[in-house]
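The following pair of complexes shares a single chain, chain A, combined with chain B in the former and chain C in the latter.
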Partner chain A sequence: MSDVSYIRRPNRVLTVYAYIFLIVLYLPVLSIPLFAFNDSIYVRFPLQGFTTQWFVQLWERESLWDALGNSLRVGFFVAALSTALGVLAARAITRTRLPGQSAIVAFVMLPIVMPGIIFGVALLVLLSRIGIPLSLYTVTLGHMIVCLPFAIATLLPRFEGFDKSMEEASADLGENGWFTFWRVTFPIVLPGIVASLLLTFTISFDEVIMAFFLTGTEPTLPMYIWSQLRFPREFPSVLALSTIILFVSFIMVFAALYIGRMGLQKNDR
Partner chain B sequence: MTPSESYISIRNVGKKFGDFEAIESISMDIREGEFFSLLGASGCGKTTLLRMLAGFETPTRGDILIDGQQMNDVPPFERPVNMVFQSYAIFPHMNVRDNIGYGLRRLKLPRAKRNDMIDEMLELVQLQGYGDRRSDALSGGQRQRIALARALILKPKVLLLDEPLGALDKRLREQMQVELRRLQRSVGITFVFVTHDQEEALTLSDRIAVMSGGKVLQVDTPDGLYERPRTREVAGFIGSMNFIEGKVLSRVNGHATLGLSAFGEIQVDAKQIGFVEGEAVPLAIRPEKIELLKEPSEGAVPGSLELKSYHGERSYFQVRVDGCDDLVSVSTQNAGRAKLRALEEGAAVWLKWRDDAFIVLDKN
Partner chain C sequence: MSDAVSTQGSIPPTQTERRNGLGRLIARSEVLRGYLMLSPAMIIMIIGVLMPFLILVAMSFWTRDGFDFDTTLTLTNYGRAIDEPIFGAFLARSFWVSGIATVATVLLCYPMAYYVAFHVHRNKMLWIIMMTLPFWTSYLLRVFAWKVILGYEGVINSSLLTAGVIEAPLEFLLYSQTAVIITLAHAWAAFAILPLYVSLEKIDRSLLEAAADLGDGPTKRFLRITLPLSLPGVISATFLIFIPTTGDYITPALLGGPDGAMIGNLIQLQFGAVNNWPMGATLSIILMLWIAAVALVFLFVTRKSKESLI
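Presenting the complex of A and B:
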């Protein structure tokens, strides 16, 4: 007799599979930081020795800092806006009875599976028809489309997971809708909001396709990296930059997942 | 001021959810300061009625008045009522004090006054010293007390309780029943209590409305419901009951003689109800109002013991009587009745009753 239940028995095959999966997934990615510290402008083995000069070069490049600033600005706006809209949408989906609700939800979630290139071209055509010049605003708009479904997907479980009689109790104790939201709803879904902010910021920060179609004269960071790829001499510093982005993205996504789960089990007793 | 006879007035109230008629048409009055229960099986509309009193549902038709004030268009946050939710709905991000003081924000009280009120409530629900506890680290009974304190601190005209004892285990439930009754007496607030547990309703309430299928079947005191149920449905819902059909044989001077086939004849009062000779009358009798004998006796009906079951303070005997399809249920108190308990299944027994133990039900 085993002292663990049937479903919890360790499964060697699955474990091995999981490790292989992770290695295949992340080995190519790991080559980026590896070559970023390599003392050669050519990306090839054998490695030439350790250097941090590519990182130092980054530091001195004005246009890179501008691109980073652009990306941060777009990222903050996209995160704030899509999370705010996501809160409204998640609340509407969980708290009201809409006719054709599942169809609406499906359409809202569609951009997750729709190729970004289609949205990018469509938006570009639309904007040029209306005569709106391409700028960071149009990039922000494009990123909103990409990020909103992720914001909603992150927030929905928080709204579904808490008892709607909490909000009724608040109304019963004399608070109107506005105060009920700020005193009860908001604090309870706060971890979901933080998770959504981190996730949407990360997505916007890394996004290329929408930015490719919708960027005007000011490039976002991924667009800047893309433009630098034409110059072989710049390649190692692009790797250095990618290393930094990779690192920060990892931290933010993990933080988002961790915070998003925080207190979820606790709430539904 | 004398307590009002119709503190809460429910007039022809109906509620539809789409095509589903949750409540057909209810009219009743709830008195000031009484412990009033809405009793019924799940889906009978009791919770919907309670939620209409709270303002979470709007009646499709009819009027609700509380203390003479029309309530139909008043939102929940402006009604002079507070509610204890089935799930208690304790705010998980606040400690016990902040939960209890939640509704005080709008009153703009000085801090000291607020704290005094919260302390007073903590004492009332016997949670002194728990004020700074996190609310998600409390037991079911404690959460329920907080829900009560949170609602009572606003001194509502009416306290609504939606099956507040349902989630507690039996012992705690019985303890909370006593406490709830004590609390209601000491604060003197009108309680409207929703439950599906008939025993709970009988112990706690001043009056009970028995509901079924969106209708109120009978509003009465606990002993009124038990001793004088008007319909078969009410009689069957509260306690156990034997149902027997009688036939009017004759009617003389306000008395009618009913023939009960296998059970002989009985005399009943027939002053108000129009008994017509030859008419069938539905009758009911409680198991504990039938006497079980081991020997034949004058006027006793013979039968045979089919089944017996021991329930601690009482024993139940199912007796087969010739010419009657249903088994007759008889219960006896287990105080020095060891002889009856020793009866073997299949033994011959005799049943005896007083004629006035029979309840004459309304014809449906």
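Presenting the complex of A and C:
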């Protein structure tokens, strides 16, 4: 006890609060799998017994598989493109001093702090004025705007964290810019790139606000779920579907956050 | 500063000699190269944010003309937005609901962030990931989860009924402002925790020790050192929650009912069932202007109070 500073002395009340906080944070989400295995079309206590029939039912739904395919296609494309653009932007921001740089960064980060509905309706208005019909491409554009700030925000600490002199050493030793990037910069920022890919994919896969305004005839998976929520008898299958989505996104995001922070703390201090 | 000036344009001549014209210019000017690398992201943002926004502003001055728009610029929509009380009422309610949700979130998350910053010494990263993980999962599904919990036959009601605490389901739980506030506070917790944690973690621990040595108790230490120094985190947490939640329409649409509908639902209606796009554009612009105004007032007030604290 004596070697622990009195400021850092464990605070029991705070510890209990922290654990209650975590439980409350996860409880709503965990109720979804709980009822997904419940043998009743009513979502209520007491539980009726274990069943996997809601999951089995999902297999037979053509429209669901189409929606999943749409979401995957949009998600892969958005993740790849926003991460690629994010790498370029993050490198430019950290490696060069550009006039008006802070204004540019603020502009690119804008979608994080503005209500999504405004970007959704604004894009809808633009597309309809130019005469571009709503499709998966328009959803992709909408998701790019949402994901690009997150990609840059994930990649920036990586580029800031490593020593510029390593790139300079490579240049001094005769490598050109392209090889320096591939052999020095890329391996160092790779965890950031992986994290950015996983996060932007997850954001796009779950995104509903932009998709709501920009989806044409082919729905993404969240839009499919949204349309099913109107029918109470579809609740159990939505719960089953949600369980699968939650499980996969938890794993992906955990991996992304873990990889993204790997080794960062060492560089920070 | 002088260091930056000297490194610019100091690429070895052997490399630039091989290139010509534009290539040489790009290679020589680091600034130009920087802009070139930023340009793809900028182009996406200009197409996706700036141009749509300019057209949205223009449209807010148009009027609906059957299924088409009358593109003569008038202030008709803005006049309607001011004259008809329903628009003001929805706006006021949105600010009220998300204001309460923001205050609740920041107050509830502060002790949590404080705990991780000051009392967790091992596996800090795991705690941070655990706290932010739910935020990354589908927003729609988290709102849906609250519907399952708060519903008429939901988790809370059915367990209270089974336990015999209540005789009839509590109706105020779902389809009310309370439901919207609870869900928003829960869904945006990660946005509060991260900035709060960062600002608390940055505080120099020796300041606290000095205060303790000079005889300040825990309460005084907190009020005179920890709280003022974590104020930037509190401010950014407030912004990060308040701004997006005022425009939210998913949560009110699923959980709000008639009393819980917000300005976002009204905007969505103008682009959907009501089919009056110019009015929807006007409401979006008004929402943005109000958010900017509230943000500026809030910044001003916190700056003043910070000065009085120190």
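The definition used in the following text is that the second predicted complex is superposed on the first by the 258 of 269 C-alpha atoms of A that agree within 3 Å, B and C clash if a C-alpha of one lies under 4 Å from a C-alpha of the other, contacts with A are read in each partner's own complex, and residues count from 1 in each chain.
To be clear about the criterion, a contact is a pair of C-beta atoms (placed from the backbone, for glycine too) under 8 Å apart; a residue touches a chain by one contact, two chains touch by 3 or more.
Keep in mind that this is a model prediction, so the values were computed, not measured.
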Contacts of A:A106 with chain B and chain C, given as first, second, both or neither: neither
Which of chain B and chain C A:D163 touches, first, second, both or neither: first
First (chain B), second (chain C), both or neither touched by A:N176: both
Touched partner set for A:I251, first chain B, second chain C, both or neither: neither
Which superposed partner A:P187 touches (first chain B, second chain C, both, neither): first
Partner with the higher number of touched chain A residues, chain C or chain B: C
Chain B/chain C common contact set on chain A: 176
In the complex with chain C, residue positions of chain A that touch it: 5-8, 10-11, 14-15, 17-18, 21-22, 24-29, 31-32, 35, 42-46, 85-86, 88-89, 91-93, 95-99, 104, 107-108, 110-119, 121-126, 129, 141-142, 144-145, 148, 152, 176, 199, 202-203, 205-206, 208-209, 212-213, 222, 225-226, 229, 238-239, 242, 245-246, 249-250, 253-254, 256-258, 261, 265
Residues of chain B that touch chain A when the two form their complex: 54-56, 75-78, 81-83, 85-87, 89, 91-93, 102-103, 105-106, 136, 150-151, 154
Complex contacts: residues of chain A adjacent to chain B: 163, 165-166, 168-176, 179, 183-184, 187-188, 263, 266-267, 269
Chain A partner contacts - residues on chain C that touch it in the complex: 4, 15, 30-31, 33-38, 40-42, 44-45, 47-53, 55-56, 59, 108, 111-112, 114-116, 118-119, 121, 125, 128-134, 136-142, 144-146, 148-149, 151, 153-155, 157-159, 162, 186, 189, 205, 208-209, 212, 221, 239-240, 243-244, 246-250, 254, 264, 267-268, 271, 277, 280-281, 284, 287-288, 291
